[in-house]
Amino acid sequence: MEIIESARPVYVVLVSLLAVILIGISGKYPNLRELWTMLAALLKFGLVVSMLPTILAGKVIEFHVTRILPGLDIAFRVDSLGMVLALTASFLWIITSIYTIGYMRSLKEHAQTRFFMCFAIAMSAAMGVAFSANVFTLFVFYEMITVSTFALVAHEETPEAIKGARKYLVYLLGTSVFFFLPAIFLTYHYAGTLDFASHGILAGKASYTIISIIFVLYIAGIAKAGMMPFHSWLPAAMVAPTPVSALLHAVAVVKVGVFTVLRIVLFVFGVDLLQKIGLGVFLSYFASFTIIAASILALKQDNLKLRLAYSTVSQLSYIILGVALLTPSGITSSIIHITIHAFSKITLFFVAGAIFVATQKKYISQMNGIGRRMPFTMAAFTVGVLSMIAVPPFGGFVSKWYLLLGAVEANMLPILVVIVASTLLNAAYFLPIVYAAFFKDPPADEVQGVHEAPLMIVVPLVITALGTLALFIWPSLLLNLAKMVVTLVM
Amino acid sequence: MIDVAIPLFLVVCGIAVLLMKDLMSSIMIFSVYSLMMAIEWVRLNAVDVAITEAAVGAGISTVLFMIILSRTKSVDESKKSVNILALLVAVGVAAILLYGTLDLPNLRNSNIAPNTHITPYYLENSYEETGQLNVVAAILASYRGYDTLGETTVVATAGLCLILLLRGRNSKQSTKDTQKDRVTNLNKLSVDDAGVKLSEMNPTGADKDKDIIKKTVTKFLIPFIQLFGLYVIVHGELGPGGGFQGGVILGVSVIVYSLVFGLKESQKRMSIKTKDLLVSSGVLIYGGIGVIALFFGGNYLQYNVLLPDPKFASTLGIMGIEIGVGITVAAVMITLFYETVRLVDND
Amino acid sequence: MIKHLPALLIVIPLLTAIITHLIGRINWVLSWYAVTIATFISFVISLSLLQTVLVQGRISYWMGGWEPPWGIEYAIDYLNVFVLIIVSFMAFAGAIYSRNNINVEIDDDRKPFFYSVYLLFVTGLMGMVITGDIFNIYVFLEITSLSGYALVALGKKRQALVAGFNYLVMGTVGATFFLLGIGYLYLMTGTLNIADLAARLPEFYQTKAIFTAFAFIVVGLSIKLAVFPLGFWLPNAYTYAPSTVSAVMAATGSKVAAYALIRVMFTVFTLNFFAETPFNFQYILLIFAVAAILVGSIMALAQTDIKKMLAFSSMGQIGYIVLGISLMSVTGMIGSLVVLLNDALMKGALFFAVGAVVYRTGLTSIENFRGLGKKMPWSMAAFTIAGLSMTGVPLTVGFVSKWYLAVASIESGMWWLVPIILLSSLLTAIYFWRIIDSIWLKPAPGEESLEQGHDYHRTPVKANDAPLSMLIPTFTIAVLCIVFGVFAYAPVSLAEKAAVILLK
Amino acid sequence: MIELLAKYNYWIVIILLTTGLYGVMARQNLIKKIIALNVFQTAVLLFYVSMSKIKGGTAPIVMHGQEHIYDNPLPQVLMLTAIVVGISTTAVALTIVMHIYREYGTIEEDRILEMNKHND
């Protein structure tokens, strides 16, 4: 594999950090401030895309920033797996920025400068995670996301928001310090290095018992992946303004979580090692449990955002389940589901925000007939829902197809049952919303006629809805990247 | 025989000091203890140490204890129960020490390491190199002159700490009930002049007639005490004596003066500000001589570069620093007295 | 003059301290200038000494021109320079900080003397570090101790007096033990020079007298260092002292005591001594270290006064230092030395930030920190950074310390230490999080009513942070907590050089 | 006699030191504590000065032309320093005690601690 030395990944991270400063000093001029956000988002996406040809050509970009201690380096490494996350996150940041501006202005939110600053930091950190060359760098950016998004979750500063934010922080920081960090420490001690390698770094370095302990520590430590029992920070974080829920809790934060699991599983332990010990099976049953349990919990939620949150918990475990199968199709499904779920879920969150902006409604029970009032919005919602349920011709179908293939390859019939059951559950908690929106009569006292949210809100959600369609029709880029990862690690 | 008796007596005094209920007697015994210690040191031929101990231990600290005692309670009111923990710790320490002495070399033996390793060099070369006949003074002021600078600084530090703690408005945040305590306590101390207060403690009393005699005698004596102090300071190079001892004597002369004539009278002779200046100037002279040596191309405190004749230069330098030490020590001794007494005046 | 820099490092602040109170008669601000400039010069000299040591190795400066062991020698290697830089920098920062801070804590007519004593305290510390003569350490130890007692007793509350007195009694006992230990060493070897001692000691390693000497010196210094059962003077002393004093003392005092301990254990005595002596000192120290770490953390958790909490947390950090020492490996020693630097920075920033709160509100209860984030955003940001660092968040200095100690523990085959380090981190995280949470997330006392009204867009509380002269040092040190967390390689490589020499 | 003297002073030192240490820890009266501290410190002085004496030696003041055995001057020098340190510490300690009395109205440690407990 050819390695290219280039500081470009650093620029990707720095772009939005630079934007943070610019946003900070131009806080008094909202238009200028938003210009910085948009410019940074576009520039960042451009930089990521500019690295794409190199990666597709089978090369790897590396850059060593600094050595903190012997064995602890801050270093970047761009490969196909990181590219998937980086592309998805940086593209959706552009869309979300537009949406956020519309949302925040419509609601006349307070402390918008702080909001945009923290947002930009979180995006930098997400890029950092995607491009980390070793566990330590990854961990640092992982924590950076936690801290910066904490301020976003607590944005409203109401007692409720603060309570949610506190839970958010305690869960994420607590698990990472007490499970993730010791796991890193043990990895360092046994492997002597923390650099990711395509077949893992732990094989043959320690006894199976110790490797299993490290594995469990990692899985428990990466709470951002939303695995039960460390999932409840995610519903708690739904007190945040909707753009935060949309980008961070459908894309940046949770996807960073599952991405980290993927990285650790594939590049620290390696497929062979996990197969030998049988830890993949353990993980897949664990993920299956989360899938089903979270879906059942989602059924009971009336708050739309909460239902989406539980759906996210369930969907994240699809990604983990895919990689836990340790088969080519399973891993492929994991990787592409990162992007596909991001597009679908962000659409749904955008819609929830749009409804709130237009009607101040938060609860599903209030949404009868809302499709007549907000036809575009609810059409997009329907697209998102169908993609989540994995109905063709939407992206969700592709990833679930690969997941099913993976389960078959792994000879794990129970998993097939889980997937089918969860699909039914998905339908059960999403379709009633669609039905109510379009086929139930709105309350009599409501104004009739079309009354959409502002354009800056509606356009982004339509774009992302179209995106899920596009991912079904042209999945080749995504599948190529995923296949590169598979050939690398298998 | 006396070499056995004196230490035994020391032990007796040491234990008695702690058993006395009345603090005044305790201090008196402690003063005797110090004197015995000084005698023991004369027996051990440590004349310089003996002089210092007599002046400091038996003299200054006794006076100091008495001043403080006159400001506080003079009875130890605590219950005399045995503190088991303290006893255990003390016995443990004693046990380790005893264990350590098992293979310590015998004392008074000329072959032990301290007498064979570094000291012979001092005894052989001190006169040639420093111009001092008194090897103690040579080491003190020259070979280990830097230690002595530190030591002088310790004295100055103590003086400055005292001033820091005792001067100013002394406003502590205290609760109401203690305010009440304070008032009652202060009423007990009817003070207008520390001299009077201290003389009250004297059983002979402050009789007016005797007062005149006392004053005359003091006036007559003080110049002699001071002359003696100066002599001790400067004499250090030839025989026992030096800045510390002389400084203490000088300081005592001023203290005696204020005891007899009162603080106000004494402060006319030496104001607080002058005294503060003196506390510093001693260290300044000492440290300054060191700095001058730098300009003459020597190391810090290397006196022998100051003049063409190294021996004479060294003698001169040592005399300079002894004077510095003397000034600081004297000034701090006076500070001890002035400041503690002043504190009560401020109330 | 360049070759006299070692002497000037001590002489300049010493003589400045002596005249500081005199020039303060004109205006106390002049005293402040004197102290600030003197500490700054010391800092610069320390840096230039670092340069010299890096280029030419150990510096030996003969006081009075007398050759050691007959005269007193300054012996400067990596270890001294490392500690000197910490001490002089923190003293300088403390001096700047005190400019406004002492207005509320010390009366005007005491200020010139305060500065004199403050500078003497610092000089004493630096004098202890730079010297190569063991008795000279004692002399300077006394300078610094005496000034320390007075500075503690200066606190506004009357408990400060009791704290100062207890500190004095314990400190004097410790210093006297140290002196007694030196006496035993001298009686056996006939020398006081550290290098000479190291050369002459090996033949006596197995004697009972040397064992006693070692025991007394270590116990004496441990009292000064406030190692767990011997350190009960520390919490009250740090709690009731004026803010500047607490900060500087926490940042420098215990560090220098730790330096002295390391120097005695590994330069005067050596690893061979521990190998030959019949007692297993390593385990004894280890037990005390672990006890200190746990007791410090648990006691800190139980406090309601923030300064006392920080004081107990210092006790825990001292446990870390001793832990690293007792592992007796290069990595462990690096860990200890890194803790020296890191705790100086973290404790400095924390006490400074608390001092800012005292300056504005006069209170030190943890309760009082509610909602302070809006009133004093910068001070509290510094507090938060340093607090996170204490818990060991990566890219802060606290992480580096704990990482090294954990690596060293495993290297030495002491697995069981890692969970202890982790547990203490957990406790630290709890007690700091509790405060950080109140600072940023709880309403200020008296503003709860506003919260219940769901008043989303109320006007923000007016920020009333400490004056710049306090903010700048506080924030600079807090930022350094991150800088040395990211560029940890610089201090670590220096510490490694020092450790290799110590343990060769 | 000589044999006895050879280690006699060590024992005296130990007794004095232990007495002083016990007093420092066990006595509640602050002034008593300070006196005990002084006893404790002087014990160490005695230890040093005892080692300076050599059998048949004279005080270390050089007399030319004669062959003398001189006592060791170095411990004496060190103890001059220690005495001065001792008095300095005592002075500061007594000052603090005086303040404590002004603030608390007592110099008994147990009562002071009691008062602190109530007022905290």
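A, B, C and D are the chain letters, set down in written order, and residue numbers restart from 1 in every chain.
Please note the rule applied: a contact is a pair of C-beta atoms (placed from the backbone, for glycine too) under 8 Å apart; a residue touches a chain by one contact, two chains touch by 3 or more.
In this text, all values refer to a predicted model and were calculated from it rather than measured experimentally.
Taking the mean of all protein Cα atoms as the centre, the chain whose own Cα mean lies nearest is C.
More C-beta pairs in contact connect the chains of B-D than those of the other pair, out of B-D and A-C. Of all the chains, the one whose CA centre sits at the greatest distance from that of chain D is A. Chain B and chain D have Cα centroids separated by 13 Å. Annotation: 76 Å between the Cα-based centres of chain A and chain B. As a whole-number value, the distance joining the C-alpha centres of chain A and chain C reads 45 Å. Distance between chain C and chain D, defined via averaged C-alpha coordinates, is recorded as 29 Å.
Among all residues of chain D, those that touch two or more other chains are 17, 21, 51, 75, 78, 81, 85, 88-89, 92, 96-97, 99, 103-104. Shared interface positions of chain C, i.e. residues touching 2 or more other chains, are given as 135, 139, 142, 146, 149-150, 153, 158, 161, 186-187.
Applying the touch definition to all chain combinations yields A-C, B-C, B-D, C-D. Put simply, chain D touches chain B in their complex at residues 2, 4-23, 25-29, 31-32, 34-36, 38-39, 42, 45-46, 49-55, 57-64, 69-81, 83-92, 94-99, 101-110, 115, 119.
On the chain C side of its complex with chain A, the touching residues are 391-395, 400, 403-404, 406-407, 410, 418, 422, 425-426, 429, 433, 437, 441, 451-452, 454, 456-457, 485-489, 492.
By the touch criterion stated above, chain C contacts chain D in their complex at residues 135, 139, 142, 145-146, 149-150, 153, 158-159, 161-162, 164-165, 168-169, 172-173, 175-176, 179-180, 183, 186-187. Those residues of chain C lying in contact with chain B across their complex are 1, 4, 7, 11, 14-15, 18-19, 21-22, 25, 61-66, 69-72, 107, 109-110, 113-114, 116-117, 120, 123-124, 127, 133, 135-136, 139-140, 142-143, 146-147, 149-150, 153-154, 156-158, 160-161, 184, 186-192, 200, 207-209, 211-213, 215-216.
Per the touch definition, chain B reaches chain D in the complex via residues 3-4, 7-8, 10-11, 14-15, 17-18, 23, 26-27, 30, 33-34, 37, 40-41, 44-49, 52-53, 56-57, 60-61, 64-65, 68-69, 71-73, 76-79, 82-83, 85-87, 89-91, 93-94, 97-98, 101, 104, 106-110, 112, 114-115, 118-119, 122-123, 126-127, 133-136, 138-140, 144, 147-148, 150-151, 154-155, 157-158, 161-162, 165-166, 170, 172, 174-175, 178, 181-182, 184-186, 238-240, 242, 244, 329, 336, 339-340, 343.
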